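Two complexes, one shared chain (subunit A), two partners (subunit B, subunit C).
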Partner chain A sequence: MAPVVSKPAEVALHPGYREVVVQFLTELADDELTLGHRDSEWLGLAPDIEGDIAFSSIAQDEVGHAAFCFDRIAELTGQEADVLAFARSAAERRNARLLERENGDWAETIVRHYLYDTFDRLRLQALVESSYRPLAEGAVKMLREEYYHRLHMQTVLARLGRGGEARERVERALYALADEVGSLFAGSLQDARLTDLRILRASGNDIASAWCEQVAAELEDWGLPVPAGLRTVRPAADGRTVHGAALQQLLSEMAEVYHTDPQATW
Partner chain B sequence: MSRTETEPNLGPDGQDLRSRVEQALLDVQDPEIPALSIVDLGMVNSMRCENGRVTVSLTPTFLGCPALAIIQHQVERRLRQVEGIHSVEVEFVFTPPWTTERISPVGREKLREFGIAPPPCVLASAQLAKPACPYCGSEETRLENLFGPTACRSLYYCEHCRQPFEAMKPV
Partner chain C sequence: MRLQEAEGLYHPYEVFVQYEHLQHHQHVGSVLAPSPEVALLMARENLLRRERAVNVWVVRKDQIHATAYGDSDFFAQEFDRSYRRVDGYSADNARKWKQFKQRALELEDMLGD
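Let's look at the complex of A and B:
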């Protein structure tokens, strides 16, 4: 009989549950924080005012979602959310490697966000009925906010894909990112305990095939090429555990103020 | 305040105190849209008064809303001024989730007066319904940008009175 866990304290009743849910929450939090920080790097620099405004709100949403997940981890482990967000080393981070990449050009930023938002929606949909109720409640809220992120990326991507230099850059980005998308499906999504415990109600493989199908159909609708790596995705075994120099650069910038005085009260 | 719970442990003037607290909450504004109180916005989920101690549970509008800490602080400060209240606790709850359907009819009217088109009362299934212009009421409007000056607003343009305007996103 799969458990239903309504409160953090109840995880103690189910052997192994805490470890699995904390691991998964860490991936969710790190994905959102990493991408949210990359989004924030566009502020004042996006090629149009609409993009600039959109990325400031989207960054705020993503960081808000990360904070929600860090708070849920803190309830389970007694750690502090700020320490989890700012003080962990690159080796301890569990974000997908795709998300730590430097932003690249505008086309690559939009393509990555679209690929991630499509993945994130499927993952959140599989969380709405999660046995871990505190997470299920957050997923309902996040889905409603993420709806606008994906809609925005679809609108911009369809526009960039119409032709000229923009389209060339979109195509280049699709091929460049196809090599890294396997990192999204690494980690907990390959751990059968996550579905056995009903924390996530779809398997990593189900999510991956739904993602491939949807991405391919939409890219085709926009008349864009579908690289083989997006048509069938292979989970990268080390996609959430081995990180590149880009994450190190991101962390030192993001946590620069925090490290000036880790004890400060904000 | 139809969502407030009934409190079994009210003293003789319990209902008076309760009303004073409810009245005081109407003074707490949304820092991003000062025309609206948190009651108009539907953020007040429940309120319990017991022996001069009040606990208010609030539903965050957006998970990453930077105004939450300010709102919490303002609720604490305002309710401490209420006669008969000596301690205030604010908690945030996520169930049921806040949706734009929770904005009261009064809140919708205040939004419109403030120049922000209110969100539709009932969410159409994943379809983004175009809001009417808050200035001239025309339905001839077009979406300029899904995102606006705050995470909860979009930008529109009215083809009729040629006025750009903001609309609250339905969530």
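Let's look at the complex of A and C:
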């Protein structure tokens, strides 16, 4: 009954499968590309040179994950990965609104990354047994890289939370971002077909409650406050479809070179 | 004031990478970090972005005991030490051994007769 799709061409055998998996892959790719680009904006500006290089390295990993997902979409739709990454308008993007926000200060950047990495890990874990085998194989690899991304954010966040001005900034960021985290759980995670087709092996609600539990426990371990919006998260219905001016700004900067000559071969 | 605070917080750590299980750790550089945990993360991200490895050590620089550069007598080697070296075992050795064994064999044959 439940399909197993080992090759892109096999999606044609299962009605509705292609649409659902492409929608979900678009969210994965857009999340990683958006956050990867925001990470890259710290180049030359992070508080110390080691952290600067580390953040750029993580940015490259995230963009690599986005490239993997765009390639999987390209296999299913015949579109080009570069066109998907650079030519789509803000209205067509499906990243969570949380990720397009401007970076804010270093504390806010670290808090957002930690919140996202914790979410991303749960989402990837639910993909390891995906019925869409090309995605399941990629999820195993992405999980391995996300392990040290999360470790990095946990280590830095715990240290920033110890006191002084850094801690004040972390607290401010936690409350500011608590209003936006609902956007992570919007879109496909609210679509029952995603679990019915076994593309994702946990429901959006299961992922959301696991995420809240883990985030609250870790923040408490570090002696940080847990805003109500992180203890129980309400998925924002328009969190991946309605975007702000921040995404427009991000896209025009990210795709500036691409738009000088979209036909160029790189 | 700021800088002094930062200097107190950050320490240089020397980084040693083991690229394969059968190799020993090699010194590859150093990072500045506020704790050993952060030093390990920074070593991984700064010095292992492309290569694969199986293990990393970080050692706080002030925990390394070293000789002084002025103390050159520590490394003194004044007399001929060629007799300690293995240079004598040249490629020519195999040929000479073969010759020697051949001669010994011939002697044995002669004595046996």
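One rule holds for everything that comes next: the second predicted complex is superposed on the first by the 266 of 266 C-alpha atoms of A that agree within 3 Å, B and C clash if a C-alpha of one lies under 4 Å from a C-alpha of the other, contacts with A are read in each partner's own complex, and residues count from 1 in each chain.
The rule we apply is simple: contacts are C-beta pairs under 8 Å (C-beta built on N, C-alpha and C of every residue); 3 or more make two chains touch, one makes a residue touch a chain.
This one's a predicted model, so the numbers in the text were calculated from it and none came from an experiment.
After superposition onto subunit A, the partners subunit B and subunit C occupy overlapping space and clash. When subunit A is checked against subunit B and against subunit C, the one touching more of its residues turns out to be B. Of the two partner chains placed around the shared chain by superposition, neither subunit B nor subunit C is touched by A:R121. Of the two partner chains placed by the overlay, subunit B and subunit C both lie in contact with A:E50. By the touch criterion defined above, A:L151 lies against subunit B and subunit C together after alignment on the C-alpha atoms of chain A.
By the touch criterion stated above, A:G64 is placed in contact with subunit B alone, subunit C being left untouched.
When the two structures are aligned on the shared chain, A:V140 is found in touch with subunit B, with no touch to subunit C. Look at A:H37: by the touch rule set out above, it reaches neither subunit B nor subunit C.
Overlap of the subunit B and subunit C interfaces on subunit A comprises residues 50, 53-54, 57-58, 148, 151-152, 155. Residue ranges on subunit A touching subunit C, taken from their complex, read 48-51, 53-54, 57-58, 148, 151-152, 155-156, 159. Of all residues in subunit B, only 60, 62-66, 94-95, 97-99, 126, 128, 144-151, 155, 169, 171 touch subunit A in the complex they form.
Only residues 50, 53-54, 56-58, 60-65, 67-68, 134, 137-138, 140-142, 144-145, 147-148, 151-152, 155 of subunit A touch subunit B when the two sit together in their complex. Contact residues on subunit C toward subunit A in their complex (touch as defined above): 10, 31-35, 37-38, 41-42, 44-46, 49.
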